Amino acid sequence: MIYGFGLAKGMGVTLKALVGPSFTVQYPDRRVGIMGAAKAAGISTPSLLFKHPIKALRAVLGFEHIAVMPTQSSRFRGNDFTWYEDRCTGCASCAKYCPLGIIKIVTLPGGINMQEGESYAIETFDIDTGRCMFCALCVEACPYDALHMGSEFERSNYVRMDLVLTKEDLIAAPKHPSTWFRPQMEEAGYSPFAEALEDMKKAGRHETPTVDELTQTWVKDRRTDEVVED
Amino acid sequence: MPDPFDSILYQYVYCTLSSTDDVACVGSGLFGGGLLPGGLEWLAYVLTAVTIVAVLINAILGGVLMMIWGERRLLGRFQGRTGPNRWGPFGLLTPIADAVKTMFKEDVMPTVSDRLVFTAAPILMLFPALLIYAVLPFGAGTWLADINVALLFIIAIGGANVLAIVAAALGSGNRYAMFSAMRSVAMLISYEIPLVISLIGVLMLSGSLSLVAIVNAQTLPFFIVQPLGFFVFLVASMAELNRTPFDVAEAESEIVAGYMTDYSSMKFGLFFLSEFAATIATSGVITAVFLGGWHGFDPIPSQIWFIGKMVAVLAVIVWIRASWPRLRIDQIMNFAWKALFELTLINLVVSGILLLIWPSPSTTELWYMAGINWVVFLASIYIFGKVLGPKHDPVKAGNIQPDVTLSDSDAPALPTGGGD
Amino acid sequence: MNLENVLLVSAIIFAIGLYGAMTRRNAIILLMSIELMFNAVNIAAVGFSRYTVPTALAGDPVSVTTDMVQSALSGHIFALFIIAAAAAEVALGLALVIAIYRQRETADVSELDTLRG
Amino acid sequence: MPANTAFDTSGEDLATQIEAIASSSVTANGDTDVWVSSDRLLDVMNGLKEAGYEMLIGVTGVDYVGYFEVVYHLLSLSQNKRAIVKVKCGEGRIDPVMPSVLSVWRGAELQEREVYDLMGIRFEGHDDMKRIFLWEGFEGHPHRKDFL
Amino acid sequence: MPLKTEPITINVGPQHPSTHGVFRMRVTFDGEEVIDVEPIFGYLHRGSEKLAESRTYTQIVTLTDRMDYVASMTSNLSFILSVEKLSGIDPSPRGVWLRMIAAELQRIASHLVATGFFLQDLGTLGTPLIYMMRERETILELFERLCGARITNSYMRPGGVFMDAPDDFWPALDRFLADMPHRIDEYEDLISGNEIVAVRCDGVAVVDSQTLIDASITGPMLRASGIDWDLRNRQPYEYYDRVKFNRPLATASDNYARYIVRIHEMRESLGIIKQCLEQIEPGPVRPESVPFLIRPPAGDSYVGTESPKGELGFYLVSDGGVAPYRCKVRAPSLINLTLLREMLIGDKLADLFVTFGSIDINMGEVDR
Amino acid sequence: MDGTIDVVFWIMSAGAIGAALLVVTVKDVFRAALALAGSFLAVAGIFFLLQAEFVAVAQILVYVGAISIIVAFAILLTRDMGQGNQTQSSRFLVVGGGVMAALFVLVAGFVAYDTAWSDRDAALNDNTIAVLNGQYEEVTDASGDIILIASTDTDVAMNGVFSDSTGWLGGLLVRDYVLALQVLGVLLLASIIGSIALVREQATK
């Protein structure tokens, strides 16, 4: 053994990294050189030089940047929720299964049949994402595929109250549901980063859930025994 | 008193200002020279000195900023990252942004601190780092002062920054800082000795302590002729600079930030600045003493050669920083006293004998010397590694004995009570 | 700048050192004062070397040899030896202070009075 | 079915083993676990360590409202067996005290402190019996059923 | 011989670059030498065990994520195994294989973090750490494909896993398996043969195996002292009896041994994943019969599993309700700290953190 | 240029004296040490002005670089945790010490200014002055000895005795004063061994 050989070998590894690629993912934008700018603009480098000389100069000086979206899995659970109001019956399964109890649901009897016990009009549907740990048990619990995890993750905020997702927020937000626990979306090849899924019929396993399905199919699949209050 | 015509820097500025009738000034200087009326030569002298010092200090600051950028960028690449690239072209403005941010930070003063000493420490730290530049020859004729004891001066001044570290530690009253100060003092006292002795071989070859004379004496760069001296000097100066693997004085994983723990704002900035200024200065000394200084081939100006060699030395220092872990303080002391000190003595004896054989060596004889010195270098490194190196063979990952077991049924019996 | 001024500065620094050595009770400051006195002596030695004539060169030497010139530097040699001796003295003195501190928990010389009757 | 229970020593075997070590210390036994009386605990544990249970895997306090129970999970590396020894910590809920097994296993040090901190069972013979997670002066013991 | 100085007491932590979280030690130094250490816990105590008493078994899975947050898959697995034993659930084979793959990936990720921070404590300025984080990132991306989350996975459910792996998971896993051995070689080139690492770690904090066993210390620390004790092999759970793997052992029981054992265990884990891929079959990932709300019969259960840090086990007591009556975690991170004081005393200040890093603890699991 | 040198000299002297005064008056030991380092630096400056570059650099190397740091180290080691580095002067000696120091300065100043020091430039012939000022050439005389004669060539002026004393000092140290040098080496070695023996822990403890 030659003293110093191991040290030299270690320096060789770092030297290899010096000439090798960098694995940094730059977000939200990436600085590009002149070649990268041309590639991003979809034209060849000489034509960029002649057609957009200012852009080329900026690229040479290192001021040109292109937006970068990090690659996420379609199952990615962002700190956001997607909620389809039409699919929701107000059963509050999600609120019951939330380990932290941060989903607040207030319902009034009513809805489609106006008959008590079958469907409810939803008065309040608040999710306090400031306390949420995004375990997605509520999504797992939703029998009607009304609640989905969202893919959004840029929701940092200066005001704690703004982290509470209200019913209005949820309705207004663009719908990019994560495919987490939604195999039907995966089978359909849906990617939350490509397009929004505004159509509530495509989002769930059932186009229009009925009361029969509520009592027979879904609940029985999930519970072999009686629901017990605890 | 340095002669103003000794350095072309002086000459240029001095001749621009002074209306001296010295022959050396004829035809040099801007605007034909003589901006000041006659009889004011002394003022020209003073103004020249002030101008050059101001230019140099600003150049040092610029160099430090460039080095901060370069080090971070290079470290990033060594680690497979990109490094700073957001602010300005290739992130070049990042250190300026850092500096601005540092200035606007709150200046925290610990309540138990000795205010005067606490404030004086960063200034004390910067002062020796800047003084080294006074004697560095940046190129042919480009130096501030060519004093005849320049090398000794550099070593003497370079050791003074430990006083600042001790001042910082005592001033802030922090116990991590105290550890840092203890370590620095112990390390400095140990590494000063090989640092000085390693230069004696060079002195014997060049016959002068002046850096200009040493550069001029290098028909062959001295790192070829004096590999052992070069190695020891590089290692010892890295220890003096607190660079990895000798950065025990500010080991952030052990003693937080060492003597800088309680510092913030521009006081911290001054520490940072002086550290980098000292690193650049030391790389300049290495360049001048061992790498042939400003010598190079022609179309490229000598100043560029000098700076290029400096940058190469800095890159190696950063490379080492990216690759190696830190040594422990007792191992550092062992290394200084058991390895470096002896290596310098070997170098001294061998160089002395070789100079007895070839009293004033020609270039060919320098090559012979280089050959013998390299053989001695490699052999002594090998022997010292054998004697002082780690006891197990790390390359083979020594003490691993993987035993193959397929399932629980044929697992070997375990040791039962009574030790392994 | 002439020899008288140099000697005056030397004398002042020596006197300050003397004052410190007499009045301060901390052993380390005592050592520092002694260093100041050493320094004053160095200044005087180098000043004499710079401004006075070595005997070998006094009068009209027939020829000036290197030995004679070197003897003009005797003051420098004195200063160098004093510096080296001072380093030895400080090392030993501080070791003593530390040893005493360890035993007596003080670096105050006026408390080191175990030999007092 | 994963072999989750295959390595637990059966209750009967363990009971006979313990009876051989310290007679009439076993109060009951289940499928895989054995209850011993707390005053014979140290004898039993010393004997079990002699018998090859080198490692004390876990010390757990359980609050069964009427009484406290301390569960010791033991592991024998040489025999590849686990044993579960349970000790009822007297009747009532006021100042339950247990003998410490720190003298038998070094590994009991932090685990007994944890049980003391969170369950309030004091171990006699443990020389560093103080709170581990909560600060000194904290009122009550959080893992008791009557805490909140 | 070192200068004898006044002993200095320093509070290391809870905010210190090298305490791996909010750990605090009150250390007394004589010069550079450690003469006394008092570990102080509890800065991250969240009462997980108490919280578990008011949550259903599925909800507790999310709590286990947050105990050892650099190895949540193995925490999940340990808890799930205990629940399955308690309620007698027979998991579906594909679910078991997926759980094994996830657990072994998590073991690699955890060892990467452990060795990376261990080397960071040695003062390597992050180079190996960043290399290792790069590979950990690949694993986390695999987890993201698998379950949508990177750190706090909540992937496993009683009876299996909640969802089958997506189609794009398998090629990504294959790429990782093909790439990772070279990466481990790279780490070994960078660090294992490094003389500075050797002189720093050799013979530091040596504990003999008998003391380790007596102090209930398990996992790589125990294996680094030459004791061949790996629960995956000795007391196989899941399908670990159907895969073949070596157990790297070192005899030195010093910091270097603990490091090198982890490096070699990563290679073995890769082998296990490959064998899992060969044996995995299509099928449901969770048996249909397992209800969402589990009500195990009254009783108790304990299953010890080999987490990356040592034996992790959940002692569950059920009274027949939907939530456990008592849930106790046998946390290897806490129990492996039993010998901290003995390991540190007599060493230098610099070795304090290296030794601490070589134990590989996670404050989330220590304090729970 | 002489006027400039005078000004610099007085600045340096004032610095050295002021720092020295701080050393003996400041309460805090570490501040005293810092002042001491400053005083040493100023004295080194005076050495530079006296054309003793090597001595000046040796002063910086040994005093500023080593002795100050060892003093600081000793302060670190003997620091009283309770009251920091504070220390007192003994009250009764202050007056006596001050009077004695003032008397010493008076006497020494009187001697310095009263003595008619042999002026170098007046006592020597032109050749010797030129040689001492560095304007000389080396010539081998008839008997084979090297003698130095005055030169008018400005190029060799840089190699004068005082402007490049390093080489000459080296010659003196290894020839005329070699015994003293060796004795000094023994002294240093003895002091190192002595210091180690003093601060070493007792093996029997």
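As written, the chains take the letters A, B, C, D, E and F, and residue 1 is the first residue of each chain.
Everything below uses one rule, namely that contacts are C-beta pairs under 8 Å (C-beta built on N, C-alpha and C of every residue); 3 or more make two chains touch, one makes a residue touch a chain.
None of the values given here were measured: they were computed from a predicted structure.
Enquirer: In terms of touching chains, how many steps apart are chain B and chain E, taking the shortest path?
Expert: Each step joins two touching chains, and the minimum needed here is 1.
Enquirer: Suppose chain centres are the mean of their C-alpha atoms. Which chain sits farthest from chain C?
Expert: The most distant chain relative to chain C turns out to be A.
Enquirer: Measuring between mean CA coordinates, which chain is farthest from chain B?
Expert: It is D whose centre lies farthest from that of chain B.
Enquirer: Where the centre of all protein Cα atoms falls, which chain's Cα centre is nearest to that point?
Expert: B
Enquirer: For this structure, which two chains share the highest number of contact pairs?
Expert: C-F
Enquirer: Distance between chain A and chain F based on Cα centroids, please, to the nearest Å.
Expert: 76
Enquirer: Just give me the whole-number Å value for how far the CA centre of chain E lies from that of chain F.
Expert: Computed value for the inter-centroid distance: 64 Å.
Enquirer: Approximately how many whole Å separate the CA-defined centres of chain A and chain D?
Expert: Spacing between the chain centres: roughly 47 Å.
Enquirer: Express in whole angstrom the distance between the two chain centres, defined as the mean CA positions of chain A and chain B.
Expert: It comes to 51 Å between the two C-alpha centres.
Enquirer: Residues of chain B that contact two or more other chains, please.
Expert: 78-81, 178, 182, 322-324, 385, 389, 394-395, 408, 414-415, 417
Enquirer: Counting only residues that touch at least two other chains, what does the list for chain E look like?
Expert: 3-4, 127, 131, 134, 190-196, 198, 227, 229, 234-236, 241
Enquirer: Give the residues of chain C touching no fewer than two other chains, as numbers and ranges.
Expert: Those would be 98, 102.
Enquirer: Please give the residue numbers of chain D that touch chain E in the complex, ascending.
Expert: Touch residues, chain D against chain E: 1-7, 33, 54-58, 60, 62-63, 71, 73, 75, 77, 80, 82, 84, 105-111, 114, 118, 131-135, 142-143, 147.
Enquirer: Give the list of chain A residues in touch with chain E in this complex.
Expert: Within the complex, chain A touches chain E at residues 3-7, 9-10, 12-14, 17, 23, 72-77, 97, 99, 133-137, 140-141, 149, 178, 180-181, 183, 186, 222-225, 227-228, 230.
Enquirer: Considering only the defined contacts, which chain E positions touch chain D in the complex?
Expert: 41-42, 45, 47, 49-50, 81, 84-85, 90-91, 96, 211, 213-218, 227, 229, 234-239, 241, 300-304, 311, 313, 315, 317, 325-326, 328, 330, 334-335, 337-339, 367
Enquirer: Help me check something: in the complex, which residues belonging to chain B touch chain F?
Expert: It comes out as residues 1, 42, 114, 116-117, 120, 124, 147-149, 152-153, 155-157, 159-160, 162-163, 166-167, 169-170, 178, 181-182, 185, 188-189, 192, 209.
Enquirer: Quick check on the complex: what are the chain F residues that touch chain C?
Expert: Spelled out, the residues of chain F in touch with chain C are 2, 5-6, 9, 13, 16-17, 20-21, 23-24, 29, 32-33, 36, 39-40, 43, 46-47, 49-52, 54-55, 58-59, 62-63, 66-67, 70-71, 73-75, 77-78, 80, 87-90, 93-94, 96-98, 100-102, 104-105, 108-109, 112-113, 117-120, 123-125, 127-128, 131-132, 136, 141, 145-149, 161-162, 165, 168-169, 171-173, 176-177, 180, 184, 187-188, 190-192, 194-196, 198-199.
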